[in-house]
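I've put the structures underneath this note.
The same chain A turns up in both complexes below, where it pairs with chain B and then with chain C.
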Partner chain A sequence: MASRPQSDAARAIIGAPTAMVDAPRKTSGAGAYTDDLAVPGMLHGKILHSHLPHARIRGVDAGAALALPGVRCVITGADAPTAYGVLPIGKDECALQPDKARYIGDNIACVVAESERIAAAALPLIRVEYEPLPAYFDPEAAMAAPAAGWLHDHRPRNIEKEYHHVFGDPDAALARAAAVCRNRYVCPAVTHAAMEPHATLARFEPDGGLTVWSSTQVPYYLHKTLARVLQMSMERIRVIKPMVGGGFGGKSEVCPLEIVAAVAARRAGAPVKITYSREEVFYTHRGRPLQLTELETGAAADGTILAVRARVIQDGGAYCGYGPVTLLYSGALLGAMYDIPNVRWDGYRVLTNKPACGAMRGHGTVNTRFAFEAQLDELAERLGLDPAELRRRNFLQPPCRTVNGLRVLSYGLPECLETVVAASGWRERRTGRAAGAPPAVNDGRGPRRADRASAPSRRHGLGVACSHYVSGAANAVDRADAIHSTVYVEAAAPLPAPAGGASGGGAASDAAPPAVAVLTGTAEIGQGSDTMQAQIVAAALGLPLAAVAVIAADSAITPMDLGSYSSRVTFMAGNAALRAAEDLKQQIAAALARRWNCDPEAIRCLGGQVLGPSGQALSFAAAVAAALPPGAAHLRGVGTYSPPREAQGGDFKGAGVGPSPAYSYSAQVAEVSVDEDSGQVTVHKIWAAHDCGRALNPVAVEGQVIGSVWMGLGQALSEEMAYTRSGQLANPGLLDYRVPTILDSPPVEAFIVESLDPEGPFGAKEAGEGSLAAVIPAIANAIYDAAGIRLYQPPFTPDRVLRALQARAAAPASGQAATAGQDQPETKPGPASGPPPPSPAGAPPQAGG
Partner chain B sequence: MITAFTVNGQPRRLELDPATLLLEALREHLRLTGTKCGCDDSSCGACTVLVNGQPALACTLLAAGCDGADITTIEGIATDGRLTALQRAFGRMGGAQCGFCTPGMVMAAKALLDGNPDPSDGEIQAALSGNICRCTGYVQILASVRAALAEAAGAAADAARPKAAADAQRRAAGPTPPPQAAEPQSAHG
Partner chain C sequence: MSLPSFQLHRPRELAEAVALWTEHGAAAKLLAGGTDLIPSLKQGLFAPDHLIDLGAIAGLTGISRAANGDWLIGAMTRIHEVAEDPILGREFPLLAAAAGQIASPVLRRMGTLGGNLCLDTRCLWYNQSYLWRQSCGFCLKKNGAVCHVAPGGRRCWAAFSADTAPALLVLDASVEIAGPAGARWLPLAELYSGAGDHPLRLGRGEILSRVRLPAAAAGMRGSYQKFRIRNSIDYPLAALALALRREANGAVTARLALTALNPAPVLVAGLERCLAAALAADPPDLAAVVQLVNRAAKPLSTSTVPADYRREMVLIQARRALEACLA
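And then the complex of A and B:
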């Protein structure tokens, strides 16, 4: 649906800073999240987790647990043996593992009791007989494991999936490049840590139907998985998503408490609620995988990027999950933000005995983008170019298709870059080392800035980087012909006017009851999807926002939407909502055109009224009444959205991931200082410009952009899933995992760039993920500007910084920057610089040594 | 054992197991579910309530230890059904995305403002430093508290610009000189 010139009425709503329609429920404490629910007779479940990383389960004896007063039942793998997984090719896990535990924290059994305390007390009474198996925690070592160390029999060498993509002739292009950079980057795993721990309440109804309330981002996928594992038809299951306290991808798969609660409720004959502890949330994970990236980029002397080659290994943990999709994203968007004619990408998704990874904000793209944007900084230095200028010389020229077949129509990246370059004072305030200036003098103190008054050991620097993301996946994971989103907009016959009340002719006031209801399957998880659809429908029907009620995510009454992931909702459900509102408007206009004897196209909805071409006017409610067919109680407008064929990408193996109807863009400048005595990196400010097509609600867009930047900042500076040598997660708590507090969080200034996508609703694209990736390389590049050290592994903690500074001091003054940040304690150490070029397609990557 | 305290102005007497936490007493026994549980080890602040006017973490207090106390939860601060300036500002300024940290944030901020009607940004940040938000990056939360203060100071119109968030943070940033460049396009320009 094309963006259109806005009417005044639409302009009052579209683009106006708008409080979320559900804000009062959040700020008053009245809104119900899943764990806030209680139903009569409700029992509580607690899951027993494996304490071994890899073991065959020989038996489970729950006798002592069952004997504890208040315990109702214990369920095990045998109670839910059907394997599932979010991808059709990855149905490799069970809600409770029947025969094998594959990581510390894997799900073995569930106690159902009258209280959570009793259930927790019963857990240690369950006796599980394990037979330990060899366990692997390093992906390169796992790829060399003997068969006894394969996590899944059907995945030899623990390789879940591998892909090899070649576009153009990257080898020839690199051979003629004026400058080529090669590096190995290591990004440890990070996790979502949404503030609301996962929770589910499951209840069987007297008629045998099942109702499940769950903190899910994807009610539809949950619905399908419940039907599969419980062997019920989808019609017999009702999935309701209450308010959700954040997702970031962590609630986009079955986790598996939803299924465990349902199976337990069936066994116990009573409703069962399960709420994870914070520690369980960490073990559930499904976050961003550890990624090893060997990257090579070559450019001509004028800065034109000629080719990029990448070899990516992702440590997916114990189960498939979204794994192949995550992996493909790391390649599909690698060469798609700039005009790069030659791309080669080899990707491996590997299974290890650690919590399974999955989708996390910026799904699959973040770690590759870090590597690429950090490498561009080095390339700019080699070529004597300003890093911002190097990027400018490689912009796409839309409308176009990237070399791997992604269609790009709107492209606000140039404006994003100019915006942050201007706002940050980039030209004047950067040290300018890379712009042809002599390289770092090896005086042990790094480059100096003339305009700096701070202590000599604390050096400021600026770094720039860019990123982008999809506005939803053009191809659904399960069915090629799926309708991605359906929305209904319903208007009921007006109730009789109360005595003395006015009716007809008057505009709806804010105090008026809702005039229309939006029925949508979308999952509001804090990103503002309910508000977005209310705005679009209000604008399209000329109604005030308060006249629109949103009813969402109850499978018994709302139509199907694929869910809140890959930033798809504004683009897809927004278009469906717009089409539904226009369908309703056409029904009203058709009826009034007969009455008014005019062209239906000449009828407008404005200011709570429906207006004819010759001064005719009816209140919206009266117009609905006039348009109702005899005997009908309400009008229903229906809108659907599926991405157009042209946006669905190429037809090579793995081409399904990456295509999107539209892409967002972000450019950022980070200002940091590095304390060379302590190694502490301080981020003073981030300037972040984001092309969201059109900001339907600028408060929400700024909130999403700042929130994304901040989450990337956590990955850059402090966050990391740390594992012990025995595969135990070492930091399963918010403090130990080091989520930044308000005191750790620098100011982030968001700038909105509006490129008006021709297919987005009112021109809108995604805003919730695309800004995350750029901040990590922007900080890395700023650290280089400040201290002359290149860091290849986030988080950029004081110990890593100090090691790099020491290496810089020890390095011969070769004119080359120190590249000693490649400490890789958690993984196989890589070569300090200049790793070998990626191995040939199809060849197994080097095994861990 | 019997525990008696005042919750949101109402006297309550509860028969509780001595191990019951204040959070359980509120959420499960009194069904006041506005107070949230984000961890259980005092690391997130989602369970912040006021005990005798002071902010406290309900997940780590025994209910019995609050015998005789005056407890205020998020449900108890609106007056005559009208949300407080702080609550409204969190809604208007984007301070509540998913809303899960919001009750704790609002209570921590209320505790600050009750004792200090004119806090600096640094004081606001210090008061909220035990409350983790995973959605907002805190910028719009700081702006929300600032907006509530501005409303109290009668300057509501000025504070209603979400850009105030960035401005407030810039002030808080201290040593960084503001860039000289012209303000680029923004949705609020």
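And then the complex of A and C:
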């Protein structure tokens, strides 16, 4: 059963809008991010990156660089030759490449100097002898490359991994479908663009131990990887995560600078800090891959979805990283939000000479979800159904298992959909696309400023789409039996009362010291994990929030947690924190039950007191003192979390990815208008409803939903990693990689739906990622409603939209949607993926491929 | 990310700045607001031994009126002051519109009018780091001999992308140039060379010090049309300014200029005659005027946004600006 807040005190904390516990540190500037740190004797590292996309390294001559005054040492691949990678099957990269560069930006050497300026000045003095190799920037071309063009010898035809999943009989089901849509979707790569660039400071201690401060979402994986590459025991290494300015997945695996700083500190005999430039953040990437999706969905005349078939190619870039996981997510969650009995999915993860991809908010699911939800809109039109109604007719009936073995217990999708349909005025305001229909709605604000002079009347359109996401992966990447999270809650013996007593007034009494400390390995990256655990522990122990101190992410003192990724922390660490608090409470209750001669179950923690069944009462501090074993200084409650076996999925190849103890759900409606002269799209409003189980902190949930919608809006409208024909990332900076500005950001109205998950802490599940995917198809579908064009490739930039409008105008009036400028099924790649001439000279950049 | 090392000069008099600039020549750079120069220094596009900061010079800022009624704007006047000055906004709304769409509010508080007019040309293949430029072979604007935009040619096509230049061109502005031989005035159009790799036609030691707006241009109708992907921060990808006045006798005074499409801002020649002919028809036939713009615009692949789309945009802008000013 769901743990529900039992007491008034708990209800005052759980579900109450709560300021982040680290807000004072952030808003005052007192908190330190990694780049803010400095230690005595600290040196600065700067990494030399490859300027060639694919080349054998014949030699590195650092003589001239070493001769520059202020340069202490130069390290190369030979200094850290042990390969690593986040997956057991993908340990294919070195912090500095010893023999081969695989993309423009790959890591070759590191200069350590007395200042960053000196290190930067030394970089061009390093002579690297390269032997160029043929390079591939398009995944389909890379799959046909001769052996000289294979990035890794152990990956023939540059296929990192392929999977083929068949559930039910999709071919037969499609053959009897009343309507089948088939399309090819191209989603170019996008990246996280977190505000804080990656930074690491590494210091060897006099006793030979290593301390590393790093901007990471995964201190535990960093800890293990440092031990592996530096060949030290984990006990000799201490990893500390300072404040982190956003991750979004970009810091969810070990990044080269984290290893390089440690190796450099060992070589230099002094602490070394490395902070990436923004350009280096782009080269480190680990973001959402370019994905080619051939998708086919068939439904019966009543709208029942009979089957879906998908062929997915992900362009993974130069290294494995999370690759197979990203790929498997694109299939595992394809058919798992609705009741789809027949699914075929073929997935290919391909290596190309571009920055490596990885996890990014909505990991692996976003591009497939865009394709599927956009295709549902077409399917609804073919069947003459309202797109919201089509979705309604295909809801799961939980508790249930999807066809690919995912266990679904709580399912707030129906309420999410009803909420946004009602709030947006969907039924009244969406006319459905009919030629010559009048503008559906007019918000009175008119078109954007530059067009105000004489823009034609712009018709508004509405589009709907849904999405979902895991509340943590049920299977850890490296160990099937892993404990996913451990949390300690400690209460120390109270200090003696200060001399002078309470009458002394003022200073001591106002700032009562925290009553308990939460020790947790979770990585607060701005998402609110410290606040969440403080709330849970406070609620469980009947304490005010201010009585709980959170100590997090220092491997020397906090227990293990897998990290902040896959939206796992609230569900998993939240449960561990709840169990740790309950363990502490049981210790107190057991002791007081003996004293009060009552049933320990009858003892409650409430309002800073511990209460017995017959009016007995002790302050929490006095109760802790009473419960301390002789000689003990503190009580420690321990809580752990591992996902239940029933939530860990099936046993087919690749079944490990997708299972989660619980899933979040989102439904959204977007309102847009299209300037039909210029192709410019304006998003006027997004209504977003998210089922997070229970909103432990509603203001944090709303922030996550709005942030997810906004990030999806960027992928929908303006964000894209564009590459030149010679494999350069054309826009490695925040001027040309265009995240939306506030002027491009419509109002987002967030609605919280609480389905009370039976296994979540107080019923909670994830809130930070599931709302991202829906916004892209919601906008695409709204563009169709406004302008009658189907778009198969985000971002929906004005040039792409104008080409589609022109094709619509040129198309015969068949009633079919215009699709020109956008690829259609069965044919070969679209504009994003021409053949890859590995030409030395530049040529105009191409989207995506 | 560190700046390269240089010696910083902060002259208090314009003459002192001219003397330093004359002395150090190519080994120096002028710093106005720095919003474009500083990122370029970090990217290694310049490695000056000397940086001459114009920010401490008295008399280079402010908006004033000359005896003959012309308007004078100091080169170091911040862009937000130009955009938000109420009197300037009433007399020259076009200039306020163009200045008000530059970059973002924070950058407009740093950037200066003179800096905007002297903005370096921009190109996908140029505004990049050393590593990036090395990876495709250095281009002829910086360290190299090839042009990645027009690989056969020897000309640099980097796009001049300032917003205020087309507005000031159509308002018939002139600029004061201080130099070792004293000050001279020249029409704004003559400031620009048309070559992407050395866009300004200035001699050694010369500094743009003031902008003059003729009283005759006050009160003209204007339209500034700017295309960019985001509604803030972005440089224009195609933009157009039109100033127009219908005289009492029915004649039309009109000027139209483009930016972000060519290596210099372009004052479209022959507009008035063409427009007069267009207006003689009933209803007015603007196609020939749009065609004039089409011939003047030379967008090339200097950006990730396709050049052919930028061309289509400027034609839409021309039509919209004309319709707005003729309405």
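Methods note: the second predicted complex is superposed on the first by the 782 of 849 C-alpha atoms of A that agree within 3 Å, B and C clash if a C-alpha of one lies under 4 Å from a C-alpha of the other, contacts with A are read in each partner's own complex, and residues count from 1 in each chain.
Methods note: a residue touches a chain if its C-beta (ideal position, glycine included) is under 8 Å from a C-beta of that chain, and two chains touch if they have at least 3 such contacts.
Since the model is a prediction, treat every value here as computed from it, not as a measurement.
Q: Is A:Ala423 contacted by the first partner chain B, the second partner chain C, both or neither?
A: first
Q: Between chain B (first) and chain C (second), which, if any, makes contact with A:Ile742: first, second, both or neither?
A: In the superposition, A:Ile742 contacts both chain B and chain C.
Q: Would you sort A:Leu802 into first (chain B), second (chain C), both or neither based on which partner it touches?
A: A:Leu802: touches chain C, not chain B.
Q: Mind working out whether A:Ser277 is in touch with chain B, chain C, both or neither, as first, second, both or neither?
A: Once the two structures are laid over each other on A, A:Ser277 reaches both partners.
Q: Name the contact category of A:Pro732: first (chain B only), second (chain C only), both, or neither.
A: second
Q: Counting residues of chain A touched by each partner, does chain B or chain C come out ahead?
A: B
Q: Taking the superposition on A as described, I'd like to know which of chain B and chain C A:Asp36 touches: first, second, both or neither.
A: First partner only, chain B.
Q: Mind working out whether A:Glu389 is in touch with chain B, chain C, both or neither, as first, second, both or neither?
A: The answer is neither, since A:Glu389 touches no partner chain.
Q: Quick check for you: in the superposed arrangement, does A:Lys26 touch first (chain B), second (chain C), both or neither?
A: Only chain B; A:Lys26 stays clear of chain C.
Q: Would you check which partner chain A:Gly246 touches, where first means chain B only, second means chain C only, and both and neither mean what they say?
A: It touches chain B, and chain C stays clear.
Q: Residue overlap on chain A between the chain B contact set and the chain C contact set?
A: 117, 277-278, 454, 735, 741-743
Q: Would you pull the chain A residues touching chain C in the complex into a rising list?
A: 49, 51-53, 104-105, 115-117, 120-121, 124, 277-279, 448-451, 453-455, 677-678, 718, 722, 724, 726-728, 730-732, 735-736, 738, 740-744, 797-799, 802, 840-845
Q: Using the touch definition from the top, list the residues of chain A that touch chain B in their complex.
A: 15, 17, 19-20, 22-33, 35-36, 38, 117, 192-197, 243-246, 248, 277-278, 415, 418-420, 422-425, 428-429, 454, 525-528, 671, 684-685, 687, 689, 695, 698-703, 706-707, 709-711, 713, 733-735, 739, 741-743, 745-754
Q: Note which residues of chain B are touching chain A in the complex, please.
A: Interface residues on the chain B side: 19, 27-28, 31-41, 43-44, 46, 73-75, 78, 83, 87-88, 90-94, 96-103, 106, 125-126, 128-142, 161-162, 165-166, 169-170, 172-173, 175-176, 179-188.
Q: Inside the complex, what are the residues of chain C that reach chain A?
A: Checking each residue of chain C against chain A gives 1-5, 101, 104, 124-125, 128-132, 134-137, 146, 148, 151, 223, 225-227, 229-235, 301, 304-307, 309, 312-313, 316, 319-321, 323-324, 327.
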